[in-house]
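First chain A sits with chain B, and in the next complex the same chain sits with chain C.
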Partner chain A sequence: MSQVASLLIALPLISAFFVPVLKQIKKSLIFPYLTLITLLQTGIAGWVFYEVYTTGKPILIYAGGWRPPVGINLYIGPFAALFILIIAIVSFLTSLFSMRMVKVEPIDKYAMLFLLLMLGATGMIATGDIFNLFVFMEITAITAYALTAYNKTGEAAEASMKYMILGGIGSSFFLIGVALIYGVTGTLNMAQLAEFASAGKIMPVVAQVGLSLIIFGLAVEAELFPLNAWAPDAYQAAPHPITVMFSAFVVKAGLYAMARILYLLQKVNGWDSVLKLLLIMATLTVIFAELSALRQKDVKRMIAYSSIGQVGLIALAFSLGTQAGVDAGVFHMLNHAIVKTMMFLGVGYVGVMVGGTRIEDFRGLGKRMPLTALSLSVGAISTVGVPLFNVFWSKFRIIVATIQAGFVWPAVLVLFASVVEAVYYFRLLHVMWFAGEGERIKEGWIVVFLLLLALIIVGIGIYPTPVWEIVKRAGSDIFAVKVYINNVPLLGVVQ
Partner chain B sequence: MGEVVSMLKRLLSIILILIIGYWIAQGLANVPFGEDRMLVGKYYLQHVKEQTGAVNAVTAVVVNYRGFDTLGEVTVLFIASTGVAALLWRKRRERTAKTEGSLVLTTGSKLLFPFIMLFGMYIFIHGHLTPGGGFPGGATIATGFLLMYLAFIVYEIPHRGFEVTEGLAGMSYVLVGLIGLAIGGYFLFDWIWQTWHFGTSNLGRLFSGGFIPVIYTLIGIKVGTELSGIIDNMLKEEVKE
Partner chain C sequence: MISAYYFGAISLVLIGLYAVLVKKNLLKILIGLSIMETGVNLLLISIGYVSGRSAPILSEGITPSQAVDPIPQALVLTAIVIGVATTAMALSVAIILYEKYRTLNIEEIRRLRG
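Entry: the complex of A and B
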């Protein structure tokens, strides 16, 4: 029965392949079709989530019926179940928004790429095989390159070009890392790799070089400091719904993959130094992103920088090497996904209605589009980390975990970055509510979803315990490698 | 002044590359060379014939044992062609080639075309027996179309048909996988070999190899139409009315 969960991969694939046929039948059906498929995907993901969290056992999918390490297996544990659900919900929301926001032709190609971006991120999070991870990462990355340039403006082409070159270099490094690790162990299965690492069967030098190469490769997707130069341009130039997907789950998939591989090999000698490297990169990401956001004139770009800053915070939490840090990081991942989905959708909506996303376009938005402005304000206040909003809890936990792990300086620097964040977000609030005049613009049904998301933000902020319980289980899925190894029954033929 | 800076840049990058190269070589030096490190590999070689019916171990691994990766790779190619088409999309696009090819070129291409097609099909149909498979076969077929494009200034593939074929081939691949889910209980399960035992007495001949030839035929069609589509898109220019 549990094998039916492989529909999470099969459904978006077969639907994407069907689009060229559908286009010949009737072109106006494409967007409703997209919404229907993402809704179906949400249904399956919801079922998987329910299964995993009620039985407490992960769902293992054996592609082709081969046991690992001979075949490829998908591992849908608490973490994957949670984030696959988030991916599906966010995709559903953005597909609804796409109807209003994407008017550029060819929309049939847009629909295919949209579905495959969702598929790629789902696969990255679900897979239990290190080379399969590479394949899904390529699916995600190449779709992202194409979608970044989709608007066909000069700046979109430039952003996509930067992203493509950096991403190409990154994935080559990743592949070299995989080759090194395969060369020394003879296996690609994550559980078996973890077993070898625990038994001390991987030579330290190889493990260190391989691991750093893999981390380096994934850092491009995960937008960590020296490798994230593509991100602000791509976020700004991509179609509005695609920006939402980038921020809500494409980055998260990269971060998760990084954390997963890192913690699988935690018994390897020299692991600490890789962790330190990641810690430095993460702290620098937060500081540079927040300082750059301060100077932005374009709101979409400003929020893009803010998103990178938050991602740095998650990476910081993952690089602590403690259970508390990982839990806090996953919590922040969840909160950030909700908040940034709402922010980018709201900004995109304003961009479509007003005709631009520069800061002048937001003058007097509180009078022109009060409901959109209200939800944007909730998002802004929450991101800064004000109590009674969801991000406060996760930020607080990350900083506590950082200090507990003995890193005082990173904690101080990150707190400083939060102050910087407050400055530019409150400037935006000021512009929206206390400056400018304007006619009332009629807001459509889209606002209902924005307000719903705002409500969730406040809801988690006031009553975080149930979400925290879910997140803790997802966090231990990454941290507790022993459990992971035991959960994947390996074929006994090799040794 | 500028020259000094560019020299310095070059020098720095050479030093950096040397450092990275040394570092990776350090890692590589610790991977034992020539020793038997085959863990999973041995399993494949020992069981490939009875478990998959393929004589070509590589295709058995690629399509059967690790078929999930191949499905992903097919998708990557699909994305590439869709992406190119999306980025080069204009309302009206036509070929604007100007010089006619010589008679020898056009006649030669016409004669060569069916042979290339035939050979391409041969490659992907015999994937489980000989080296090759869906990807090289499909690429060979696309080469045939490229030849036609380069030899004739007005040649154009019927893209509507090509697009639909490409989509249908991809859907059939996933469908074969889903039939496996229905019959054998696993996605991408080789139901032709494992459940039907079709061709078990025929090992090493054309009608064997479980679903490998079926999938490779689909991949061959898909890759062929996809690469031709990319060529078609890249060779056309916008026409202003």
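Entry: the complex of A and C
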């Protein structure tokens, strides 16, 4: 019965291949089809989520019936179940928005790439094998390159090219890391790798170099400091719904993969120095992103920088090496996914209705499109970390965990960056509500979803405890490697 | 003494990286990326090599104990295909870039800034 969960990978793949057939029949069917498939995916993901959280046992899927480490296994534990559900819901929302926002031909290729992007991110989070992780990462990356260049303007091609060159270097480095780790252990399965690491059977030098290369490779996808130059350009030039997907889950999948591999090898000598490297990268990411956001004229680009800053915060939480830090990081991932989905959808909607996303276009938005402006304001206030909104709780927990782990300087720098963040978000709020005049623009049914997301943000902000309970279980899925090893029954290994 | 295979593979990666970092022409950068991918694939293959054994195809006279490690070959097959796909994608974007900017010099392709 639990093998039904393999539909999470199979359904988007099969339906992506049916898009060209559908195009031959009737072109106007493509977007309703996309919405239907993402709705189905949400249903399956919801069922998997319910199953994992009620039984408390992860769902394991063996490809072809071969037990790991011989075959590839998918491991859908509490973390994967939670994030696959988020991926599915965000994809469903963006597919609805795509009907209004994507007018450029060819729509069939857009739908196909959209489904493959969803597939890649789901696979990255579900897989239990490092080479399979590489394959899913490349599926995600190549569809992301293509979707960035989708608008066929010079800017879009330029952004896509930057992303492609950085992504190409990153994936090569990732593969070298995989090769080194395979060469020294002889396995690609994550559970067996963790077992070897805890038994001290991995040569520390190779494990450190391999781990650093893997982190370097994943940092391109995860937008960490020296490797994130592609991100603001890609966010600015890509179609609006695709920006939502980048920010809400492509980055998260990279971060999760990074945290997973990092914590699998936590018993290796010299692991602390790899953590320090990640800590420095994460802190620099937060500061550079927030300072660059301060001088942006384009609102979409500004929110892109803000998104990178938040991602740096998540990476900081993951690099602390404590249970509290990982939990806080997962909580922030969840909150950030909700908030940035709403922000990018709102900004994209304004961009479509008004015809641009420069800061002048937002002048007097409170009078022209009050409901959109309201939800954007909720998102902005929440991102800054004001109490009674969801991001406050996760940011607070990250700062506390950082100080508990003994890193006072990173905590101070991140808090300073939050102040910078407040400056540019309140500037946006000022422009929207207290400047300019304008005619009322009729807002469509899309606003209902924006307001619903805003309601969720406030809801989590007021009652964080139920969500926190879920997040704690997801966090222990990453941190407790012992449990992970025991959950994956390895062939020919006596437990 | 480092084996010549490892040395050669890593040198190819470094040559590719050098081309990506230093060259100004977009096509040369893409060639650098391709060289880098080749280097990585060679490294993977050479990790699976066991001195004196034959290809892992079980036929007459060849038993499993006489074959090299088959797993890296499966990995490389996948990685080659991925590399070709990335290169094809990058080249098509390079064509669009040339149409829009009339140059392939990366210092002149700079409309997105800030």
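Here is the rule we go by: the second predicted complex is superposed on the first by the 492 of 495 C-alpha atoms of A that agree within 3 Å, B and C clash if a C-alpha of one lies under 4 Å from a C-alpha of the other, contacts with A are read in each partner's own complex, and residues count from 1 in each chain.
Keep this in mind: a contact is a pair of C-beta atoms (placed from the backbone, for glycine too) under 8 Å apart; a residue touches a chain by one contact, two chains touch by 3 or more.
Note that the coordinates shown come from a computational prediction; the quantities given were computed from them, not determined experimentally.
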{"item": "Superposition on chain A - do chain B and chain C clash or fit", "value": "fit"}
{"item": "Between chain B and chain C, more extensive residue contact with chain A", "value": "B"}
{"item": "Which of chain B and chain C A:3 touches, first, second, both or neither", "value": "first"}
{"item": "Touched partner set for A:183, first chain B, second chain C, both or neither", "value": "both"}
{"item": "First, second, both or neither for A:112, with chain B first and chain C second", "value": "first"}
{"item": "Angular separation of chain B and chain C about chain A, which is computed from CA centres of the superposed model and rounded to the nearest 10 °", "value": "30"}
{"item": "Chain B versus chain C as contact partner of A:444, first or second or both or neither", "value": "neither"}
{"item": "Contacts of A:152 with chain B and chain C, given as first, second, both or neither", "value": "both"}
{"item": "Partner chain in contact with A:17 - chain B first, chain C second, else both or neither", "value": "first"}
{"item": "Chain B versus chain C as contact partner of A:69, first or second or both or neither", "value": "first"}
{"item": "A:131 touches, of chain B and chain C: first, second, both or neither?", "value": "both"}
{"item": "Partner chain(s) touched by A:226 [first = chain B, second = chain C, both, neither]", "value": "neither"}
{"item": "Shortest CA-CA distance between chain B and chain C [superposed frame, angstrom]", "value": "5"}
{"item": "Footprint overlap on chain A, comparing chain B with chain C", "value": "131, 135, 138, 142, 145-146, 149, 152, 176, 183, 188"}
{"item": "Interfacial residue positions of chain B with respect to chain A in the complex", "value": "23-24, 26-28, 30-32, 37-44, 64-69, 71-73, 75-76, 78-80, 82-83, 85-87, 89, 91, 160, 163-164, 166-168, 170-171, 174-175, 177-178, 180-181, 184-190, 194"}
{"item": "For the chain A and chain B complex, residues of the former touching the latter", "value": "3-4, 6, 9-10, 13-14, 16-21, 23-24, 61-66, 69-72, 105-106, 109-110, 112-113, 116, 119, 123, 131-132, 135-136, 138-139, 142-143, 145-146, 149-150, 152, 176, 180, 183-188, 203, 205-206, 208-210, 213, 491, 493-495"}
{"item": "In the complex with chain A, residue positions of chain C that touch it", "value": "13, 16-17, 20, 26, 29, 33, 36-37, 39-40, 43-44, 47, 71-72, 75, 78-79, 82, 85-86, 89-90, 93-94, 96-97, 100-101, 109-112, 114"}
{"item": "Contacting residues of chain A [partner chain C, same complex]", "value": "131, 134-135, 138, 142, 145-146, 149, 152-155, 157-161, 164-165, 167-169, 171-172, 175-176, 178-179, 182-183, 188, 233, 236-237, 295-298, 301"}
